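Have a look at these structures, which come just after this line.
In the two complexes below, subunit A is the common chain; its partner is subunit B in one and subunit C in the other.
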Partner chain A sequence: MVADLPTLLFNALVWGMATFLVAAGLTMIFGILHVLNFSHGGFFMIGAYVAHSLTNWSAAMANIWGFLAASVLAGAVIGIVGLVVDRAVFRRLAHVDGAYVLVATYALLLVCNGFVKLVWGLNVVSASPPPELFEVSFLGNLVLPHYSIFVVVAGVVVFLALEWLINMTSVGRLIQAIAIDPWMARLLGVNVGLIYSATVVIGFALAGLAGGLLVANQSLSPDLAGIFIIQAFGVVIVGGMGSIRGAFLAAILLGLVDSFGTALLPQMPGVLFFVALAAILLIRPRGLIASGRLS
Partner chain B sequence: MTRSPALRFLLVLGLLTGAALLLPLVANRGIVFLAGVVAINVVLGLAFNLLFSTAGLLSFGQATFSAAGAYAVALLLLRVPEIPFLVALGAAAATGAAIATAIGLVALRRTEGVYFAVLTLAFAELVHVVIAKTSFFGRNDGLTGIPRPRIGPIDLADGQAYYVFVILVTALLIACLWWVTHSRLGRSFRAIRLDPMRAAFLGIDVRRRRLEAFAVSGACAAAAGGLMGPLTSIVSPDLAHWGESTKPILFTLLGGAGHFWGPLVGAVVFSGVEYATRSLAGASDLITGGLLLAVVLAIPGGLLGLAALVVRRLRRRERPATVTDAAAEGARP
Partner chain C sequence: MTKLTRRALLASGAGTALALSADPRIGVGQTNEPIRLGVVTPLSGPQEFIGSFVKNGAEVAVDLINKAGGVRGRPLALEFRDEKANPAAATTVARELLGMGINLQFGTIASTVALAYGPLMQAENGVNLTCGAGSEKINHENYSPHVFRIGDGTYRMRAQARMMAEKFPDVTSWTGIIPDHEYGRTVWAIYVDGLLEFYPKITGKQPQIVDPIIVPYGSGDYRNFITQAARTPARGIVNATYGGDAATFFQQARPFGLFNNRILMDAANEFIVANALKTQVPKHWTGTHWYYAANSSPVSKTFYEAYVAKTGQKMPMGWAGEAQAAVAAYAAAIAKTGSTETKAIIEALKGLTFDTVTGSRTIRAEDNQAIKDLEMIQIEPDAGSDVGFKVSDYVKIPGAGVIEPATPGKAMVLRKPS
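Up next, the complex of A and B:
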């Protein structure tokens, strides 16, 4: 059975926004540090586990506000972890060959996996959304689970917040300046190291927040990191490395590809995603928005 | 110490092969089985390093080729049992070379670092999904009950016969890779890595050479992967998962990318650590991840790079005037 058009579009939007939530921090860190961070998926996963533990901790958290608070707390925790990772790892990778950077972040991903297995165990844990988001609305034939609407709204809110941060605040302008020319920024008296750290903290906090917000979208298991990171890589690269707007557009585009691909080729979900990824990379190798700076 | 690189290589390869062949006399079956897997992984690592250190291409899709080889051999042994095993292995290598050429024709249009890596990753995941969803390849369950074949009068199902066969074939593949690395072809790969534009001016067809490097690496990886099925008696789509593609990279960087034997050292050390920590769920990931991180941050030359550094320091202390050429040929700058 081929699903109707509104359902396909809605699915595309949900996929796109869920992936954008993960990809936002990834593309930000790449834009500034030029590190394609494999471990982003790992910290996303830890964020999901932290948020899940927080909501299970007390009955007062079992509503939508508790859910949001747990997600923000997970973001804060992972942001602090980001500060440590920046000091201990990223700083030392500044003058290392790109391949080694990729492998170092992959090693970090392994560390995250091990940490999750030690703390939360190997079992699959299912997480359900808070009761307010458990319901379903109908719009004609279109089935709209409230949690899916929540994910779409969360994706758009995070996108708008980042746009505001990057373009309207002084920190955002400094981040843009460093993305374009860190050497010149340093000459002009910008504390480049501090902005680097701030970017890493924001990027990691976004990973933790995404983990918390998407916790009910899938079951929790130590495999979670690998599932999202490849999709997020695709979105970051198709969007143009370091571009938040590009990632937003690419997330919607690849969401459409995934949604229609699943409808057209139900026996091979995901195939068209990789075909589209390869095709876009060949046609526009630098991605949709190839400004070479954070935008 | 002999001066000729070829003789020195054959000496090292002979010693390693001999040691591997003597292993069943001192170790139990579990360890010997693991040694067979490590031997296959060594070839996968060396095939990756031919691309990475010699031709300067970071491939994140090496699992495609090893999985293609494993599936080719498994399908041939299950469907056409009368086929000679060496022919099946040859078919696996040809499959690997063909797939590498097909992917390379597209992916090599973008060779700048991360883009090439992600393109190869995308193609590898494509192959992974196709294998996992096609009933011809046994879907998610993979293909089971792969027999250990006969070669003429020798039944490889007897005792450690298959292990001995694996060691001999991997030694042959290692010799092939060494020969390619040090041949005229390998020298042109290195020229392209160091300066593609200058290499093109000197009359080297850069894209063609890169495609050849990709095909040779794919063929060797596929032949090694083909050995896997009869060893474990099962091939599954996990062989094509991107996690498998990262393993050759880990072995290479851990051992030292600038040294021909780097991936071997990396594969042996990595497998040793994994074996030592196998009973500790989670701790094994923490330890392997931490170890790898420590290597990249503290000794980017890998274990062999560290060893070469120590040797150079010691020699300098003995004879301060001599300049040693411990930076082996083909070392990355």
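Up next, the complex of A and C:
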């Protein structure tokens, strides 16, 4: 166990950052729109398929820069889809009971599944990382796949970018203001609708970007929508609903729980994740960082 | 060429049915109405991919029989229902079909669904033929006279263990990658049973069984489990994860070199993982219900050609063959008994020998388990191939030599490591 400590820590970090990448968009949309978007996993899945198709389509995408470009393009495509979803669905749900929001976003998830089957079929497919990320380094007994390191770096970069956007830019301050009190923001002349739309686009783009960045991390099939989503919801809940910083901390914390849980209770895989989820919520019902949304 | 194989099919695949249908003394009623068979299989949800092979296989098998004149002059017709690999959904649609008078059903591939059928079919007087469910309980402690396993079941893992002992006598330490559910735990238990029986018999060595790595179903990150597996001294690994889970597991295991110096025996993914990973697929063995390229019988060839013509898929998976076997079993049973009534069909199926894409099968009368040949293929990456991999070895083991004793109503007694 002690000898495996570095491996467990590294694996925890990879799990945490992969989950944070998926959870970031979920947190953004909940933070300002207060919409618990069940379809997030579906758009993450479509982002992964789009990135996969792009990397297959052009040989220019067969290196790390092409891989990153495909991920960003996947993010852009899903961001545009987010704009449509905002107009067609989210705005219509702004003044209805939360239960309808859950039903509508679940329906969107089914649409995503159907779309993937229609366009890409039922076959399980996979993508390899670009050659630069295909190798492995060793630190003593610690195995460090370059793609896993890339996932960790990508998670940290996305977190820092969101921190910068939300805390250091005027748009970010407007987003925070609207998240706390949209009525007052509207009185002060802020175009709340525009900021809402921008947030949805960012949230969806993050789902697409996560799909692209993680495309070489798992196989692609119509089941992919559900693969990360329970963990991502766990991260959002433990972090404090709508808190990017909280989601980041929760991703690392739950990654550690999952990693050590596997080593300590090998016959009950994943059980400590749910135990920790329940325990943290009993102690801090509003999550780790509950001071304000989009903190 | 096509005409020749069709004639060959007449002589073998539907031969039994046609020969009996020529007998004017007995017939299925006095009508030319189609005989309806219910296909209850996953057409959506996580097992839709496998269900699609069952659906296409059933349609191709029925088309071939109908083109050859049907059963006793009556065509077969299929009524599909989606069971979503969910027992509640499955029993609902199965009951609906029973209400429509469709008492002869097949298509089940999930163990939980197959187990749910026993009481239902018994209570409502139907028959179900499972096309791939793996739990040993189906023909042992949860045996129902109304449920038949038309394909290989429990004993395929015993055959796979026996083949490992024959091919790799020095690989005596084994562990498993086992999904945390009924199917996964059954696969491991039966494989261990096979290892403990066949290694001592064939190699004279006692196998060392290392605790399996239990993994959650539908996980996105297997690194901790891969690390666990890499730490074990086992030189052989049996994998029971399937579909996208297996592809993800193999994909994430590659950088860790988990399979580099180990023998990998996959339970039942057939070409699913290889198609996904292509040149990145690790060299491994996998069990298959039917490997089209190695079965040269007229039934297999005709079915393969018709399947490719219908679907465009040149590498059909074995579940299509299991659907063909189910249709062939019903056709032969109806032809034999001259009736579609449940009681008559159950009596006809017990002890029935019929032709399928994998050769002749016989249904063991005591526990409704078909005895068929077990097939295994070795897959390895091949950059020169269009699909990125190739089948580099193939083994067929007669089922009679590895099937466990029939104990309907009683749990199967399994060997366990001391």
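Going forward, the second predicted complex is superposed on the first by the 292 of 295 C-alpha atoms of A that agree within 3 Å, B and C clash if a C-alpha of one lies under 4 Å from a C-alpha of the other, contacts with A are read in each partner's own complex, and residues count from 1 in each chain.
Throughout what follows, contacts are C-beta pairs under 8 Å (C-beta built on N, C-alpha and C of every residue); 3 or more make two chains touch, one makes a residue touch a chain.
Computed from a predicted structure; not experimentally measured.
Enquirer: Specify the outcome, clash or fit, for subunit B and subunit C once both structures are aligned onto subunit A.
Expert: In the superposition, subunit B runs into subunit C.
Enquirer: Quick check for you: in the superposed arrangement, does A:143 touch first (subunit B), second (subunit C), both or neither?
Expert: Touch partner of A:143: subunit C, not subunit B.
Enquirer: Applying the document's definition of touch, where does A:177 land relative to subunit B and subunit C: first, second, both, or neither?
Expert: Neither partner.
Enquirer: Applying the document's definition of touch, where does A:270 land relative to subunit B and subunit C: first, second, both, or neither?
Expert: both
Enquirer: Check the residue A:103 against both partner chains and state whether it touches subunit B (first), subunit C (second), both, or neither.
Expert: first
Enquirer: Using the superposition on chain A described above, determine whether A:237 touches subunit B (first), subunit C (second), both, or neither.
Expert: first
Enquirer: With the two complexes superposed on chain A, say which partner A:226 touches: subunit B (first), subunit C (second), both, or neither.
Expert: After superposing on A, A:226 lies in contact with both subunit B and subunit C.
Enquirer: When the two structures are overlaid on chain A, which partner does A:122 contact: first (subunit B), second (subunit C), both, or neither?
Expert: A:122 contacts both subunit B and subunit C.
Enquirer: Could you say whether A:4 touches subunit B, subunit C, both of them, or neither, answering first, second, both or neither?
Expert: second
Enquirer: Does any part of subunit A touch subunit B in one structure and subunit C in the other, and if so which residues?
Expert: Subunit A residues touching both partners: 117, 122, 226, 267-270.
Enquirer: Of all residues in subunit A, which touch subunit C in the complex?
Expert: 4, 7-8, 11, 14-15, 18, 117, 122-126, 128, 136, 143, 145, 147-148, 216-224, 226-228, 231, 258-259, 262-263, 266-270
Enquirer: Under the definition above, what is the set of subunit C residues touching subunit A in their complex?
Expert: 46, 48-49, 52, 180, 211, 213-216, 218-221, 223-225, 227-228, 231, 243-244, 247-248, 251-252, 255-257, 272-273, 275-278, 280
Enquirer: Mind pulling up the subunit B residues that touch subunit A in the complex?
Expert: Listed in rising order, the residues of subunit B that touch subunit A are 52, 58, 106-107, 109-110, 112-115, 117-119, 121-123, 125-126, 129-130, 133, 242-243, 246, 249-250, 253, 281-293, 296-297, 300.
Enquirer: Give every residue of subunit A touching subunit B within the complex, in rising order.
Expert: Residues in contact with subunit B: 36, 89, 92-93, 96-100, 102-104, 106-118, 122, 226, 230, 233-234, 237, 241, 267-271, 274-275, 277-278, 281-282, 285.
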